[in-house]
Amino acid sequence: MSEILRSDALPSASPSLSGPQPVRFRGGGFTVRRHPWAALAAFAVLIGLWEGASRIGLASPLFLPPPSAVGAALSVMVTDGSLWLNLKASLGRIAVGWTLGTLGGMLVGFAMGIGSLARAVGVPLVSAFFPIPKIALLPLFILWFGIGEPSKFATIGFGVFFPTVIATYSAIDSVPRNLIRMAQSFGLPWRSILRSIVLPGALPGILAGFRISSSIALILVVAAEMIGAEYGIGAFVLMAGNLMQTDTLLAGVLVLSLMGLTIGTLLSLLERRLLKWR
Amino acid sequence: QTLEKSSVGVLALSSSGPIFIAKAKGYFAKEGLDVELKMFTSAQQVPVAVASGDVDFGVTGLTAGFYNLAAKGAVTIVAAQSRDEPGFPLSAYVATNAAYEAGLTKPSDLKGKRIAITTVGSTFHYMIGILGQKYGFTVKDVTMVPLQDVPKMVSAFKGGQVDAILAPSTVSRQVVADGAGKIVGWAGDETPWQLGALFTGPKTIQQRRPVVEKFIRAYKTALAEYHAAFNAKDSSGALVKGPGYDELVAIIAEATKQKPEIVTAGLPYADPQAKLLIDDVVNQVKFWQSEGQVDKTLEPKSVMDLSFVGQ
Amino acid sequence: MRLLVSDLTHRYEDLTVLDGIDLTLAEGEVLAVIGPSGCGKSTLLGIAGGIVAPTSGRVSVEGPLPDGCLNPITFIFQDFALLPWRSVEDNVALVLEHHPLPTAERRERIETGLRRMGLWEFRKALPKQLSGGMRQRVGIARALAVRPAMLLLDEPLSALDAQTRELLMDDFLDLWRREKTTALYVTHNLDEALRLADRVVVLSRRPGRIREIVTVEEPRDRRQAPSAQAHLAEVRERLWHLMKAEAQMADREIAHV
Amino acid sequence: MRLLVSDLTHRYEDLTVLDGIDLTLAEGEVLAVIGPSGCGKSTLLGIAGGIVAPTSGRVSVEGPLPDGCLNPITFIFQDFALLPWRSVEDNVALVLEHHPLPTAERRERIETGLRRMGLWEFRKALPKQLSGGMRQRVGIARALAVRPAMLLLDEPLSALDAQTRELLMDDFLDLWRREKTTALYVTHNLDEALRLADRVVVLSRRPGRIREIVTVEEPRDRRQAPSAQAHLAEVRERLWHLMKAEAQMADREIAHV
Amino acid sequence: MSEILRSDALPSASPSLSGPQPVRFRGGGFTVRRHPWAALAAFAVLIGLWEGASRIGLASPLFLPPPSAVGAALSVMVTDGSLWLNLKASLGRIAVGWTLGTLGGMLVGFAMGIGSLARAVGVPLVSAFFPIPKIALLPLFILWFGIGEPSKFATIGFGVFFPTVIATYSAIDSVPRNLIRMAQSFGLPWRSILRSIVLPGALPGILAGFRISSSIALILVVAAEMIGAEYGIGAFVLMAGNLMQTDTLLAGVLVLSLMGLTIGTLLSLLERRLLKWR
């Protein structure tokens, strides 16, 4: 008996508690505490160690240029205007390609979300095309659209199209059926239901899809710029790689990371604006 | 007696011929070296492999990337490889039919045109640079379209998306044979230059100097043989087959997995003493520096260690 | 408005859910429907409201419509069915949007409903900002805005906690005291039925058949009085007796191993 | 086991949830706690069970433990808290796993609990295959397997439909008839409290303070009788009177615009 | 009044319904009907049209080779053994890279899911690294790991690592708190809670992460093989593109699509096995 009780909440050796025993706390753990400065500290330590390792010659500046060198390379990019030039080129490609792919994807996704036949036809086609890495189609796009901008738009657009289709029709599926039934029970016409219920109800899912498709666009702009691009962050990074300028390369990678973070932040802002009701 | 192990990174091209010959004919073994050949697919990778210690030596074309590695003390040129030389058709300027008809008929007309190259900082990029130096234009006066590899350059060329390409002889001749364009000149005739080099890491020179010496002795033996067989001219200046021609072609064909007739069509010039065109190497460094692709602080002569070839 | 259901049967594919239901709702009557889970209560309501097409049988309505009635048969839902992206007043406005009404009348209908449910100060609030009880009040205000002739209520209180439930029952009593709208009220809760209904229909477990229709004699407004307790306890006992075995079996039948 | 709560106060950051609670649970007593949403009922239970650390005040227990008691203070949850990836019997086994028991006893404890709750034939079933009522029965069987000295029940029936609720109330009555386990029973439902509890604690809205403790005189097992109805209706009336204003205000206070 | 009633559920012109009027059906629409043959028919029509267009010369066989040519190219791949050779190379790379990235990602993800400090440090680091397209790092990986297999493993591994970290720690976050409280209230020790509750509870989220990371692995193996690989489906596709062999290229793309579908199916099977309880 005492054996059994030992592992218990109440520290007692007898099956009866003689005097009042305080209830022992057994919650705790598995809760998230905040460490507001930990992230900053971690970044500082990481960068410090990295710089230090380079300074004392532990890491060759060729293989791992110190943060100061990366910073210097970045400031060169800023002052000689190449940052802006490359950024502009990449952002322009993302904007056009992403917009085309998203519009097309939403159109097809809506058709598939609402029409049973469109869905029956679309789902297998999409599942067949979706898993194809779009970089594998680059050679084909070059054949079809040439080495200029159109092939880059096409690469990004196609990459964005399929996830958008999937996000859109799943979003429509996830519009609560009970809201549609409610509208029907009040005699709302089909078009009103579509406009007032299906569309706003699908918005969260569609916006979540934007998050995925924008990161795909970022990957694909880099891939597409590896071929025949004079300017662009992807072309820039590739060139730095070819020239073995690792500091410049890392500066380019840093710019990509910032681009990704910025796009993500913008989408969050958009979500917060449009989905205040959640 | 056991042989000392060593390795060399090469591309499967005729320009690496002397290495293949030295290996096949046992010149390395004679010097007491067991040299392993590691094949790479692009010129960028060979100096990287030397820098990272994957291989001891490398033989390949000189690119801006190479000089950046040299600037960081990762590689040093120790001997010459092939060079562009008048009378040796190695790299051609090829114009599309449309561009040709529009007046692109000689190398100097390339100014202001769209030219496909592999990458920024490649040998093709430099060749446009020295052509400009000769005819008074700069790289900024042409539009270079980097397409990563030769096949893509060819498709862009055939699709009329560029006016011209700079391409190796075999590719150029194929393009002409397909009726897709016209050769308007050869880089060797216009702008002779030091296309490639044998290089190793400074650490190897410091710590294993005897190995470097042995390697270069064997390399030079093979190089002399190569020069005698392939670079001999008769009194009229026409190329003639030198001693051992067929044997050496067979060795190279075997190593590059090419048909012998392809090999014979593109055998570059190589200096029999493995001597470098020092002025051109200096010019290369200065050119890349002016292009902003190589660190301005790099002292051009510091990329070479000429003690092994006695220059 | 009166509702007439005759020989109604409904099947979902192979599953027979309702079997031979005959039912009449008198003008102004509140009829509660109780029965074990899955016996087809919601389906019955859906058919009466025209949003489920019955497999066989007839459902019809007759009788006068209230002034300005826009949607004679109107639902109130268990999960409130509010559009989360619309404010309280816009949720009510939704069901008027497709009707050609003068702006003043539209506004008046929205305001009356919201004021009656004590929601006027909350008209700009989003559903997520409201408690469950207030959300259901929005649902009621929305239903009132179309001046219904008949209300179909599908467990309107079962998503609420017991205390809010008590408060809302008073709201319903008040509504029927004033409006006398005919109502079909589905619930699991005997006490709710005994507080609100004139008659209680007991359905068997699936396929739902009518086992009995019990009349609660005491008038709705007097049921809180101590004198009414004995009768109510008796009716409750009778209903529970009818239900218990069915409920037990239904509870176990849902399990499938 | 007796429970002694004295001068208990709890704050979540800036939000005071419980304020100066003094409470004693006698051996074998069932004490219901009612109060509006958010008044701190679950917090009180968490503190009594040692999974919430109180801001100030003392909570202690004393008295005999049942034979083989492994977890003197044991919870039964509103959402059942079953591991969905474990079968019914493995869910019960979970709470015995970290105790060094002979295999036979372990098996016996599981079987007894499941048989008593009528779940033995469903022992291999997964939670998703069960109805809500049966899931809560698994929760009860799990609690019984550790032979508790005190049960803490946090609205154990409010996720169930009204009919299943009736059935489970009978199960609880049966449990307390046999075991006489002390219990603290949180609910929103007056009828539930009146069916199951010896005394009912009414909490004010947040910060929760004790407004009144009402004793239900009628013994638990006789409360269904017609003769008991008048007394119960009177207690109910009194409790509802205490609650109504609080409930109304709490319901509106949740809304924030 | 009659105006108002016209748009109503009850077809009546007066505010009173004299005789019994049947309740009009107003549900319907917005339901998904099945069209079991539509997908097959769509594929057949698509392939038929495509083949037909090629046959009558509408589409040049260079730019869009007919399905028959693609099929022929595929059968050549099968018979000359190159399919197997390339597939083996790619699958091997995916297997090694994905496994490394997944193990690392799960380890870090678990640390971040359980430890508050690890999370505080990890989250910003992961959000900074995650948006970097891993192809941009290829030159760096070649420098660090050489041009052989290790750099390809690294590319895939890094690409897989970050989404796995995110999936894992979000999965741990989504383990219902109430189950953990329940376990604590029964006095279960920390390790038991981890093993019996956190781990199985996080499994669905982790498996969902596998779906994302496997498709990333497929993209990255193609990207990595475009640089210095002798065999591999990516290298194969690139080579076909370089040689303008569009039929072979499309055959390679078809293989990629099938690879993706197969991996997806295998994961579904795994999910169905491991998550029977859902």
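Order of writing sets the chain letters: A, B, C, D and E. Residues in each chain are counted from 1.
As a working rule, a residue touches a chain if its C-beta (ideal position, glycine included) is under 8 Å from a C-beta of that chain, and two chains touch if they have at least 3 such contacts.
As the structure is a prediction and not an experimental result, all values here were calculated from the model.
Undergrad: Please report the smallest number of touch steps linking chain D to chain E.
TA: So the least number of steps between the two chains is 1.
Undergrad: Based on C-beta pairs in contact, work out which chain pair has the most and send it over.
TA: Top of the contact-pair ranking: A-E.
Undergrad: If you average the Cα atoms of chain A and of chain E to get two centres, how far apart are those centres in Å?
TA: Each chain reduced to its C-alpha mean, chain A and chain E end up 14 Å apart.
Undergrad: Report the inter-centroid distance (CA atoms only) between chain A and chain D in whole Å.
TA: That pair's centroid distance is 45 Å.
Undergrad: Could you tell me the distance, in whole angstrom, between the mean C-alpha positions of chain B and chain C?
TA: 87
Undergrad: Multi-chain contacts only, two chains or more: what residues does chain D have there?
TA: In chain D, 46, 49-51, 70-71, 73, 98 touch at least two other chains.
Undergrad: If a residue has to touch 2 or more other chains to count, which residues of chain A qualify?
TA: 7-9, 26-28, 62-63, 142-143, 181, 184-185, 187, 226, 238, 242, 244
Undergrad: Scan chain B for residues touching two or more other chains and write them down.
TA: Within chain B, residues 48, 51-52, 152, 155 contact more than one other chain.
Undergrad: Tell me, which pairs of chains are in touch?
TA: Those chain pairs which touch are A-B, A-C, A-D, A-E, B-E, C-D, C-E, D-E.
Undergrad: Of all residues in chain D, which touch chain E in the complex?
TA: 46, 49-51, 70-71, 73-75, 77, 79, 81, 83-86, 94-95, 97-98, 126-128, 146
Undergrad: Once bound in the complex, which stretches of chain B touch chain A?
TA: 44, 47-48, 51-52, 63-66, 68-69, 72, 74, 119-122, 143-148, 152, 155-156, 159, 161, 293-294
Undergrad: Okay, in this complex, where on chain D does chain A touch?
TA: 1, 4, 46-53, 58-73, 98-101
Undergrad: Okay, in this complex, where on chain D does chain C touch?
TA: Against chain C, chain D makes touches at 34, 36-37, 121-122, 124-125, 129-131, 133-134, 158, 161-164, 166-167, 187-192, 224, 226, 229-230, 233-234, 237, 240, 243-244, 247-248, 251-252, 254-257.
Undergrad: If we count contacts the way the header does, which residues on chain A are in touch with chain B in the complex?
TA: Against chain B, chain A makes touches at 60-63, 142-143, 146-148, 226-230, 235, 238-239, 242-245.
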